[in-house]
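Chain nomenclature is as follows: A, B, C and D, assigned in order of appearance, with residue numbering initiated at 1 for each chain independently.
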Amino acid sequence: MLNILYFASFREMLGTANEELPATYQTVNCLINELAARGDSWRQALLDNQNLQIAVNHDVASRDTMIKAGDEIAFFPPVTGG
Amino acid sequence: MLNILYFASFREMLGTANEELPATYQTVNCLINELAARGDSWRQALLDNQNLQIAVNHDVASRDTMIKAGDEIAFFPPVTGG
Amino acid sequence: MTSYPHIKIQSEDFDLTTEVAKLRQGHKDIGAVVSFVGTVRDINEGDEVSVLELEHYPGMTEKALEKIRLEAHERWALESSVIIHRIGKMYPCDQIVLVAVSSRHRENAFYAAHFIMDYLKTNAPFWKKETLPDGNERWVDARISDKEAEQRWAS
Amino acid sequence: MTSYPHIKIQSEDFDLTTEVAKLRQGHKDIGAVVSFVGTVRDINEGDEVSVLELEHYPGMTEKALEKIRLEAHERWALESSVIIHRIGKMYPCDQIVLVAVSSRHRENAFYAAHFIMDYLKTNAPFWKKETLPDGNERWVDARISDKEAEQRWAS
């Protein structure tokens, strides 16, 4: 399985903080395409968003990053701490 | 009168922290020439010293600074605070 | 789970004197300590702010901050450093973040603390949500100036 | 005699938290506080140091520090600033000097605090005398690196 996390405005917009999905995606991009098919807010947040931030297993990642079973994939907007 | 102050290594080398002198010098340079005539340590500290620091009335000054009665003139080495 | 003793994510406030004392402990050859404290401003984007809520990504936050901290130690000769970031609800004038760095000479400490803050702003997974006096909430937008500040350090 | 409330020359130690609280008092629109604390190192020029004695030029010191402080306020948008410098006898690990600066955004506070320290080092009339473990005393030499650090700020 994959553990998928959504933070901040993404969590609110998508109405979910985390979910599990089967590990049937080779790359982050494949996963995003699948999620974006769920509807407008999903497409806007994950596919049409130039500022999408991605982390795989707590490291910054990109759409091309490879993923495998057991990975934790997080989607979030640009950070605003400090 | 002029109030003359010596600080740090100058005070120790010259054996005095302050003295009063008649205000008969037009510039700091004239005063320095007079003081340097007192002996070797005076000449070394005030005349031969590339690093001599001068203040007139609490402001940084130079050998060319004009002085007048009531002025406070200080001589000291480069500062090392902080 | 990896432990990061020089990184603290906490909801409680922190005391500057106490944290700097800990930072210096066991390091006699310190001549300079630079501390940065970020505080909640009561105005943002022209609007009054009543509450600021800080969300973060547990696990990734600690890892990202430790990476930034270690990069600072690689770039400058530092004796010690600490990063404390608060999460949860905060109010105007509250302390949000502390970066404190010690070194033999001041220049390294100034640069390192500034670097850590600039990188933290764009690389550590924290998000701010503001509540305005009318009760409306909004997520704070990332600043382009923060991205530019980070990029100045590119070597 | 002119009073300089943001300049303190004192033999007593200072508390960082207390001084930063005073610095922030009455300024709500502060987002950043940068503090520099200079401390007595136990090693200088390769020798162990037992005691450090700070001498200054009363009157000129306050004037010189206030001039540096005001120049920082002219160069950067600052909310408030304070300079505390101790005089008299100090020992390894003791605090010598505090420069603390507040501003809306961090960049101004970092630059201003660094600038004030670099100028203080070469323009404020303080002198350090070290006592070594064998009882020998020596005046600390000015560093060329401090003069170079000051000159980087020339505009």
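We adopt the following convention: a residue touches a chain if its C-beta (ideal position, glycine included) is under 8 Å from a C-beta of that chain, and two chains touch if they have at least 3 such contacts.
These numbers were taken from a predicted model, which means no experiment stands behind them.
Note on connectivity: the fewest steps through touching chains from chain B to chain C is 2. The distance from the centre of chain A to the centre of chain B, each centre being the mean of the chain's C-alpha atoms, comes to 72 Å.
Chain B and chain D have CA centres that are 26 Å apart. Residues of chain D in contact with two or more other chains: 38, 117. Chain pairs that touch one another, listed by label: A-C, B-D, C-D.
For chain D in complex with chain C, the touching residues are 15-18, 20, 24, 28-43, 92-93, 104, 106-107, 109-110, 113-114, 117, 149. By the touch criterion given at the top, residues 5, 7-9, 51, 53, 55, 58-60, 74, 76-82 of chain B touch chain D in their complex. Those residues of chain D that touch chain B in the shared complex are 38, 54-57, 59-60, 63-64, 85, 96-97, 117, 120-129, 139-143.
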